[in-house]
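To keep things clear, I will list the structure first and then write my remarks on it.
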Amino acid sequence: MLSWFAVPSALFIALLLGAVMMLVLGANPVTGYVALVTGAFGGSYALSSTAIQAVPLLLVGVGICIAFRANVFNIGGEGQIAMGGLAGAATALALPDLPSPVLIPLVLLAGAGGGAIWGAIPGVFKAKYNVNEILSTIMLNLVAVQVMNYLLAGPMVDQSPDSVGGLIPETKLLPPNSLLPILVKGTQLHLGVPIAVIVAICVYVLLWRTSFGFQIRSVGLSRSASAYAGMPVKRTITAAMTLSGAMCGLAGAILVFGSISHRMVTDGSLTGFTGSAGFNGIVVALFGGLNPLWTIVSAFFFGGLIVGGSSLQVATGVPSDLVTALSGIVVVLVVSLEYLRRRARAQSIALAGPRAASPPRLAHHDPPLTVKGGGGQ
Amino acid sequence: MNQFFTLDVLTVTVASGIALATPFLLAALGETIGQRSGVINLGVDGIMLLAAFATYYIALQTGNLLLAILAGAGTGTIMGIITALVSVTLKAEQGISGIGIYLFGLGFSALLFQKLVGTPLPIATLPPVGIPLLDEIPVVGGMFFKQSMLVYLAFLLVPVVAFVLNRTTYGLKIKAVGENPAAADSLGVSVARIRWSTVILGCTFAGLAGASLLLYGGIFQVNLTQSEGFIAVALVYFGAWRPVGVMGGSLLYGLVGVVILTWKSLGIIPLSASDLAATAPAVITVLALLFIARRFRQPAALGRPYEREG
Amino acid sequence: MHRHLDRKFSLILPAVLVALVAASCGGSSTPAPASSEPSASAPAAASSAPSPSAPAATTLKVALIAPSAVNDLAFTQSMVEALNSLKTKFNLEIAVSDNQFVVATAANVIRNYASQGYNLVIAHGSQYGSTIQQLAPQFPNVSFAWGTAGSTFNLPNVFAYQANSNEGGYVQGAMAALLSKSKVLGVIGPIAVGDAKLYVDGFCAGAKSVEASISCIPVYTGSFSDVSLMATAAKTFVANKADALTGSAQAVVGAIGVARSSNLPWFGTQWTQVSLAPQNVVSSQIYNWAPTLEQIITEIRGGKLGGAVYTLTLGNGGLQIQFNPDFKLAADVKAKVDTLIKGISDGTIKLP
């Protein structure tokens, strides 16, 4: 819950702007929005598509929650997703004969491990060498796309005769034991959906019910105060980035093992595999107020926007890029309106304290944090 | 490898490296100014996309490249006003609002392109202009002094920005606001006004970066920048918030990219290693930073909106 | 003041939102476009989808899923134009979803079309193949076509189509070698897979058939869409004395710009690229999918939903070398090229 003011107002303004854009482009906004909403939420198949679309968003979003709570900025989600997908696919292809109950957890863990490594690198670089994580995560995305293309077009490519025979970057057909089982017949709703939700709940518990989570949030609020209190600041930062990467890696593995195509496929770009979940997950986490539980709701909403965007395009001829532009507007409005609301509240409750100057303004709606020195610099 | 060390190949490699580095440099210089005053702008890539489209559209409609460049820069300025309003006045969380601006730019530029232009039509690229006398120097002339106007502009801006930051009152105010806004405020410096100016300036630079990128290839397409704006932000950290360092990073990134391409074209890098070789610019940039990063520290108030206490 | 504003807002906004939702629900009672969304009963439609061979079905519903824009002057446009050219003759109802470069999203779109009673779903990109392989058995009454590829996965309701783009590549490579004085050619691709690699390899084989010692080393930039990188690759070739250029990818427009500014001959593929460099494009290899589509549609009308692979070749007219009339090609070169095209078409010249 970011705010009952900012989110609906932002949505409302964005919807209006979107309607204006559609009108300018010669499309009927009512037709467009009806197509978007029914495409996303109308019926069991649409709902299941939305839920599946939401899974990578949710997991990346949860990973972002961890990183941002530690006040590190992870924009390497795209690369971490790809690495998770590759690690999971490689594991499944190496051990095709294991039974499902063993293989599925194994490939998901492998995916999380692949992402964790790709997240740990910027974590270690930041903690040990003071290399800014924005720089290293951006650069590691660029490395990941080429590693993915190298592996999928070379060592891991499907050369079997009844395939495209190495024409496109894709793995062999994954062993059926490794695929996430479909939960509702006639839809694509697979095991990945409940897994993602459970992981989100676990991360919530981790962040707010364990001492490690307390450590992460405390380091996020003030590194100096945490160090003063005897916490291992560097190790916490590395751990937060690693965990964040693991969440993205898990998202990659679920993308692979829950795919309609039963392979890891790309068109040669990161987006072709991830669908930009590494970026959109940041937006989703923000919408969830950096709280893993609310991120579940927010991921479902944005998943619906993406699924509905295709329907909007078919119904009105307006490219689904409109949805991308609108979600950008929503993000900008939410963070802007949030300030107006905070200021209004600060005026109404005469509680003007130093909180505004405290560093991690990412922390919007914390359950009370009892460490002293939040604003201590 | 011998083929690589011929004058012609070396000359074009360096010259292309400089040209390729230019959009990075412009965007990163703009970001440097903003970050020095304490504002992170992660929306650079989206602003570059919008500016590139504006440049493209005006060039298509009028055929006047100067007007097109101004349109690109102007688009940057307008986005700068929005960014400043959001980041400075409305005190939004900058990392996140920047992602919002990026998504808006990505989606909106794609939408406009598909609806206003549709099919890819080429426009004239910016011609190289030789600098009299200098361009006749053997080798060096071909490497450095036969570039387009925007390339010269970008590299001229490096000493200009350095001078403004280090030798003028305005520059001192920028740095004061970025390091300790409360202290600057108590000395009568308007934190908001300084940050508004740096953000608008920075985004105008990003607009120029979009224009230079567009006029290098001569055509627009959806997601033309391919995350170059994000790389530019990364290069600010590489350059440790110093214009010369940022220039070094941009050149390193551009040159490594061109050297790899050249080696591929000469068969020095085998086809099987083609993909892995393409990671070189990113890998080398990160590794280079491992050796220099520890000595520098970011502006103390970076990313933190300023609110007067009490 | 803000406080009052806020409170008013927070009261008004939900009300407005409710009104908006109500309005849009009201709107939905007006007939919405048939293709706007998968209906609630879509999952069940898999088995109950209208049979495409039913005699009453005079219009054939065709859906196209393509990776780039409908007007990309390349791969996607070639298919869209072919479909549109058959629209009235075969009474087609056409729906297009372009820019579907995210494979997972495309899979969902493909499934939606299949469940909405479309008779033919064309997945225009080899990256969609594995999706078709999994989906086609679930929709036995829907015909799927995909390419470029040579496999129907032994499924009765899948057609496959491919283009022997190496043939046109071979012809144009030979032409480039004949035009080149420096005997260095510049060849640019995205990543070394698929149609791009086929074309590029054909191009170099053709060039080497004319001049065994010619330098023809393809550069793959590692990206389908990085225009500047493609332009830079072209520049490095020019620096290395290359005096004829070609390339395959949507970002190749950057390289064509270099050909234009360096005034060097350019060879295009997939669709006519003359508009990008009117003085420099020598020829383009054009993909004409219309004959293939005609055959597929005729098969479907006849009740056969798949099982065949179609290949565009110079011989069957699916591939055409379109010369740019504004490029003055020497008569002896043109004659040699024509002989080559004829030889490849009738099979007397075998490609490696």
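A few remarks follow.
Chains here go by letter, A, B and C, matching the order in which they are written, and residues are numbered from 1 within each.
The rule is simple: a residue touches a chain if its C-beta (ideal position, glycine included) is under 8 Å from a C-beta of that chain, and two chains touch if they have at least 3 such contacts.
Fair warning: this is a prediction, and the values are worked out from it, not measured in the lab.
Between chain A and chain C, the least number of touch steps comes to 1. Taking the CA centroid of chain B as reference, the farthest chain centroid is that of C. One finds 33 Å separating the Cα centroids of chain B and chain C. Each chain gets one centre point, the mean of its Cα atoms, and the points for chain A and chain B are 27 Å apart.
Shown for chain B are the residues that touch two or more other chains, namely 114, 222, 275, 278. Counting partner chains per residue, chain A has residues 146, 149, 153, 319, 321, 340 touching two or more of them. Within chain C, the positions touching two or more other chains are listed as 99, 191-192, 222-223, 225. Residues 3, 8-9, 11-13, 16, 19-20, 23, 114, 118-122, 125, 127, 213, 216-219, 221-224, 226, 257-258, 261-262, 264-267, 271, 274-275, 278 of chain B are the ones touching chain C in the complex. The part of chain A that touches chain C in the complex is made up of residues 4-5, 8-9, 11-12, 15, 30-31, 33-35, 37-39, 42-46, 49, 52-53, 145-146, 149, 153, 162-170, 173, 186-188, 255, 259-263, 265-269, 271-276, 306-307, 310-311, 313-315, 319-321, 340-341, 343-344, 347-348. For chain B in complex with chain A, the residues that touch the partner chain are 42, 46, 82, 85-86, 90-93, 95-97, 99-108, 110-111, 114-115, 222, 227, 230-231, 233-235, 237-238, 272, 275-276, 278-279, 281-283, 285-286, 289-290, 293-294, 298, 304-305, 307, 309-310. Residues 21, 25, 73, 75, 125, 129-132, 134-136, 138-143, 146-147, 149-150, 153-154, 279, 282-283, 286, 318-319, 321-332, 335-340, 352, 354, 356-357, 359, 361-362 of chain A are the ones that touch chain B when the two sit in their complex.
By the touch rule above, chain C contacts chain B in their complex via residues 69, 71-73, 77, 99, 186, 191-192, 217-223, 225-233, 235-241, 250-251, 253-254, 256-257, 260-261, 275-277.
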